[in-house]
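All remarks here apply to the structure that follows.
Chain nomenclature is as follows: A, B, C and D, assigned in order of appearance, with residue numbering initiated at 1 for each chain independently.
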Amino acid sequence: MTMTGNARTPLLSVENLSVSFGPGHTPLAAVQDLSFDLFAGETLAIVGESGSGKSVTALSILRLIEREGGRLDKGRIAFRLDDDSVVDLAASSEAQLQRIRGNSISMIFQEPMTSLNPVLRIGDQICETLIHHKQLSPSQALREARDLLDRVRLSDPGRRLSQYPHELSGGMRQRVMIAMTLACSPRLLIADEPTTALDVTIQAGILDLIRELQQSSGTAVVFITHDMGVVAEIADRVVVMRQGRMIETADTGMLFRQPRADYTRQLLNAVPKLGSGAPVYAAPRSTAGEEARRREEGRAAETVLEVNNLVTRFPIHKGMLKRLVARVHAVEDVSFTLRAGETLGLVGESGSGKSTIGRSVLKLVEPESGRILFAGKDLMPLSRRHMRPMRRDLQMIFQDPYASLNPRMSVAELVTEPLIIHTALNARERRDMAVELLARVRLPAASIDRFPHQFSGGQRQRICIARALSSKPRIIVADEAVSALDVSVQAEVIDLMQELQREDGIAYLFISHDIAVIEKMSHRVAVLDQGRIVEIGATDDVLQRPRHDYTRQLLDAVPVADPSRRRERASAAQIERKTPIRPVDYRPVASEYLSVGADHLVLAQ
Amino acid sequence: MAKMSDTTIDSLPETSRSPLFARLRWPATVRRVWSGLDWPMRLVLVLGALLVFAALAAPLISPFEPNAQSLLSRLKPPVGFAGAKVGHIFGTDELGRDVLSRCLYGLQMTLSIALSGAIIGMLIGGTLGLLAGAAGGRADALVMALVDIQIAVPFTLVALLAVAVFGSDMQVLIVVLGIAYWEQYARIIRGEVLKLREMPFIEASRAAGASPLRIAFRHIVPNVVSPLVVMFTLNFSNIVLLESSLSFLGLGLRPPTATLGSMVGIGRDYMHTAPWIVAAPALLILLITFVVQMLGDRLRDRMDVRLRDR
Amino acid sequence: AELKVGSANMPPYLDPGRDHSNVGSQFYYNSFDVLIDKDSETAETTFRPGLATEWKLVEPTVMELKLREGVVFQNGDPMTADDVIFSLNRMLKPTFKPYIVRAKDRLGNFDRAEKVDDHTIRIVAKRPEPLWETLINMQQLMVIPEKYTKALTGDPNVAEDADFEAFSLAPVGTGPYKIAQFVPGEKLVWERHDAFWGDKAPFDKVTVSYVPEMASRITALKNKEVDLITNVPPDQLSTIEADSNLKVASDVTPLFHILIFNTQNEVMKDPKFRQAISYAVDRETLNEALWLGKAVVPSTHTYKQFGELYMPELKTFEYDLEKAKKLLAESSYKGEEIRMDTSAVYYTNGLLAMQAIAEMWNAIGIKTSINVDDKWTGGDPTMMVRNWSNPMYFADPFGSFGVMWAPEGPSEGEGRFKTDEAYAKTWEKFRFSEKVEDRKAAYAELMDRIKQDPPMLVLYQPYESWAMQKGIQWAPKPGHIPYVLDFRAGSISVASN
Amino acid sequence: MFEFVISRVLRTCLTVAVIVTAVFFATRLSGNAIDFLAGEGLGAKDRQLLVEYYGLDGSYGEQFVRYIASLMDGNFGLSLIERRPVAVIFAERVWPSLQLLIGAVLLTLVVSVPAGIAAAIYRNSWIGNAIMGGAFFGYAIPNFVLAILLLLIFSFWLGWLPSTGNSTWLHFVMPVTALSTFYIAGMTRFTRNAMLDVLSQEYLRTARAKGLPERVVIFKHALRNANITILSVLGLQIAGLAAAGSVVIETVFSWRGIGELLVSAAIRRDYPVLQFGVLAVALAVIVINLLVDLAYGLADPRVRLGRNA
């Protein structure tokens, strides 16, 4: 179905698109009545929460949704081809679509780790598009592929061609994906959350790249994301989706300035914004008895955790003889303290050692040296068995609430497990306890006999929190506890955690790669780079007056959810990940800190 | 108990669950499950139920004693063919025994042998796999070495030697069939456990202070149950086939006890002259393996979440 | 012309001296000769010249034989008196252990063989021998080449054990077919021995291949892949007969399927019990059911081939259910389980008969269990009942019953059968009396002892069948020992069509 | 790589040593070979004579020491029954067995991989159901029943195919079919599952988004990944086949192979043959597994790199 058009007509015009899943009699509508236009050279962002139909829309445009079991119920997807003829993709034949896919329209997917075929060489994966659509010879294609890798500024492009995906880091893979999509200079690029899985610094690089490429080739972009910051950075126009419907569409500037729909406003409000200020620390009120005991022990009243010179390394063995070939210096000479009722945020890029610090403190991994004083008692010399009773006071919440709940246990069992381990309860007490815990995290008591898969992501994280609370711990290590959640849910969970802290005086070691979340949650913050704390201090001090280069770099890379503050960036930020893997004979230097303010330390550079 | 929300038994108040009540609600549950099945599955379930029923009721529904011979009416064809003998619906075998009765008893025997064998295999393999996966290190190396050995030694020889040393009793046969496939369980379960070990919820419970025993039995075991069950069904039919192969080689149960396999194994000499001796038990074997395989396949599809959603 | 045979059995080695199985006996007659041959056309015994042209007793314990001249071994060596002496003495004065254990049952009375001149030899017995020709006719005394054998391994002038081992894989004789290829347990290829002293073999080549599965054997025949197959069980005859291109040759074989009882076993010790279980076996029904009624159910341990010593009038084994029940009641049997050992496939209908007999015993209140095992349990003290066969090694009661049930013979040696002095005395009379009547009377006496204290039960002489393409004229001959595949001139022919 | 080889060799030696020892003692426990090869009607003295002659005298320990000593000399012994070197006996049987094995593996691959792929692609249509139905059937039928059935139909009734021997390709049709049916069925199902697994992977969506034709998507992108899992199962199957799979088929088709030899050696307690056979088969299986591992490395770059780096 082709029609003639002219330059005034949009490049892509989606009209009344409806897509559904499931059997015919009980369809699940994923996208309903969606319409939008996209003109050449424009960037359109589609935003919305998880499950709002963003990906389905994207896949529908390429007509790949049927493969996933979806159905195009109605609607038109008019696309203007190179020769200005317009085709309705919704009614095109498979052969026709194959000519368009990868050629006129290409797509980047969310997961750089799984979107590339693991058993084919990078070169091959790029070349096949060229060979297929442009009828290049293999050697021509290879040359072209090399240029493409060069264009996405991948180092050593010649060598990359013969590498396999697993040999590259996430950022590099995503660049390969981009190179692949650019191969045939498409008129439309659809990017479905291309940076969500990446670190902020890497994300910044990728965004720059897309923008730059778009400017140089005039490609129109549909950019799907749930990160309003990214939207503010990159989009010309925004479509806001919710439950499969378009709630609002506007120019980016307009949308941020004057959101019309309530939902948009909510969405914007929920976005944690860097620079909105950290919570104020208030030492928890404590019972008189406790007070007395503390005095007796003669310690600084509020310090529950003191970590001194913590070092954790992972040996890398090779071969049959299990020879030690290298070490991962995951945590290197780290010291900090944590007071009751205080939150210490740990922030840093992926691999910087955040999780390992958390796990080391709980002795879930065995640290190499250092001291971990919990309420004055050194945990370091404790054996696994002797550590177990201590765990009553030291609990943990993990990033992925689904994976960290045993799918075969009921909520009642899950929530009370830590308690059961440390105390003897009869079935009745246990149930009461479970109901009470669920109430604290605001889950209905009726959910007590259900199983994890019957809950939403936010609810599951509440279960995890309830579980951590059950043994009335004094410290909770929250490792990316809110990272997997949608912004609105994230906000709720953060509020809940803060509330619980106020009530019980729990100290959090709060780990996140999202600086905005850290700011919202933490009284103090430590910035990690390659296993070392490069800067530590009160949250506002560190984030507003960063002293260490790395902290500045990190803060710079954070997208700001305000299109008016869109910055000109030095192009192509660092993308290759730094590695903490060191040879066996590597001798790390001790961390030396300069004091740059009250309680504000910076690693000597 | 919680408010009444839907019609499942679980959500009903404790007090209303009298035995009679349960009995009344039973068919409803069954009907609900039933209506959720497609026709091949229904067929399979009906066939399976029939097989189990026939096996259990063998003493009641067999027209003859399975071992009662009638030497002068050997090899009589089934009813409907020339020369058939009244009463012997499936004809008689090489000693004039009633083929139908022997099939029914043979079915009983085969099912119980296969069931016990599969259970033994599951217990041995499952335990060793669990041990290897959970304990790692030496234990793992040892179990994997045993697996290597099991794979490298022709199983028929193991069976032969076992029968030679311990005689061809039912117990021996069951154990032999049981160890035939332990290594498959061990490998699968070990793999599952290794995967599970990396699951965050295991670390979560360790962080909560759970002891290794608790982790093994409260967290790992329940999660390997489903792959175990799938393996079990797949193995069950393999054992039925293996038993018949052993019978073919003369390593089955000692006569006159019939298993379906031994009936086929012995009856093979009569495939020219009295094919019904082989046909009836062979069809039953086919049926059993078919039913069990279908069930196993379905179970696997059910348990693989990704497949289920597609 | 070529003949292809599908055989149910294939021996692991071929040495007529060492072998006394029913498997090997099929094959030796085509490749080897004995000194004194026998007319195999009839069941009566008529001796005729073989490698010896004449023979006479020079003393009661010495027989002199004149050797045929111009006999050539299949490897081209001429046969000399030395070869004959070597062949005989390898059995009579054995050094090779497998010969030692087998020679003495049958050949125990022969002391040695001696060369008189290049064409004359003597065989010296220890005491006067009533069965000279009969024994010399035996497969064990077939002639093999001396030089060839000794040279097979090691020192070419000494007969080492290894020579005999090697010989049994590459056997050479004087018969009409030379063994061109022998793959143990797989196949045997004969080619015509052109320098054979007698009538030339009718086939250029005969290939015997091992086809153990019955269905496969019949299929191969029907499919014309082979011309003749062995061991067609009675139940399958109808299949062959239904095909107009095929035919069957059958006969009862001079071999008894028997049950042996362990008279020394605690449970089986009471003769009354053993009599009871013997009376309880309805052998006629077994015959009727399993053998189409064509097997021979004897009343005693005797074959037509015994000539004057054929004594069907003896009633050693009978079926009498009433007597059986009575004897059982009187016996010491207390409901113990009787283990019945049987090999899986060795005897035609063996397992079936065992199961049928078990039912018959169950019917009078005896508990049984059938133990299928190829292991020989005849010497095992826990053995109770086992099936076995008593083949006719040569046409005399001594050649069948005698070999197996002599005092200190194999059965007694295994400890499941015990003889006393009286038995030994009667045995002496039966074995060495010069007059046939005396031997006959002694044999009858032995049979009576067997009846009173049975160590065995003779079931029947099986009805064995071979199937072949219509054009082939072949049949088992009554004069041979069991299962001989006689492909010599005159014994087989092919209709040219 | 060097370390990998050494460790494999050591592991192999260990496995083989355990197997050799276990088989040695297990066979002795199962009865004295004399009772199987020359036992009938022997008095105690004669029996002893033969026991000595066949080298079956002395305690098991002594016998084991003798056995190991002769193994070290590269002497695997004589068959008790055929009195030939066991290596010679095996040499006769290896090729026929190998032919059958290779035939079965090829047929399995040629039939089951396309069938499995088709069943995965058309999993909701009658094609997929028909293939899977056939696979169930093939999986459910005892192979000797199938073998005899084939024999009856194609040789006995139709007279199309020869029933015994292995001289022409026609001889291979039935044994190879009967032998591989079970494996074809298993592999088809396995391939289907592996394909389904791969078909739901995101990189396939990427491939389609590139506009590649379905043919390329399936055969290049999907199959290459499925191959990795298929290979692992194939290895086990070949090993299983080599180890035992073919006895029944060899018996029915009078095919003189290793399987039949081993089983009859076991039945007749021909210890030297049995011991050598188990050793040979175990080594073969180990080699097959090694080859599969290497192939696995070739098929999966992730494994390859992990090993050599």
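Quick notes on this structure:
We adopt the following convention: a residue touches a chain if its C-beta (ideal position, glycine included) is under 8 Å from a C-beta of that chain, and two chains touch if they have at least 3 such contacts.
Keep in mind it's a predicted model, so treat the numbers as computed, not measured.
Interface comparison, A-D versus A-B: the pair with the greater number of contacting C-beta pairs is A-D. Rounded to whole angstrom, the centroid-to-centroid distance between subunit B and subunit C, based on C-alpha atoms, equals 48 Å. If you average the Cα atoms of subunit A and of subunit C, the two centres end up 88 Å apart.
Multi-chain contact residues of subunit D (touching two or more other chains): 31, 148, 152, 156, 251, 267, 269. Taken residue by residue, subunit A touches two or more other chains at no position, since every residue touches fewer. The multi-chain contact residues of subunit B, meaning those touching 2 or more other chains, are 164, 250, 268, 271-272, 310.
Chain pairs that touch one another: A-B, A-D, B-C, B-D, C-D. Partner subunit D is touched in their complex by these residues of subunit A: 59, 62, 64, 67-68, 94, 97-103, 106-107, 109, 111, 114-120, 128-129, 132-133, 164, 166-167, 177, 180, 318-321. Contact residues on subunit C toward subunit B in their complex (touch as defined above): 214-215, 218, 233, 235-236, 238-239, 285-286, 288-290, 344-345, 351-352, 355-356, 358-359, 369-373, 375. Those residues of subunit B that touch subunit D in the complex are listed here as 145, 148-149, 151-157, 160-161, 164-165, 237, 241, 244-245, 248-250, 261, 264-265, 268, 271-272, 278, 282, 285-290, 293-294, 297, 300, 306-307, 310.
Note for the complex: subunit A touches subunit B at residues 69, 362, 364, 388-392, 394-396, 398-400, 403-409, 417-418, 421-422, 445-446, 448-449, 464, 467, 471. Listing the residues of subunit B that touch subunit A in their complex gives 2-3, 5, 10, 199-201, 203-211, 214, 218-219, 222-223, 310.
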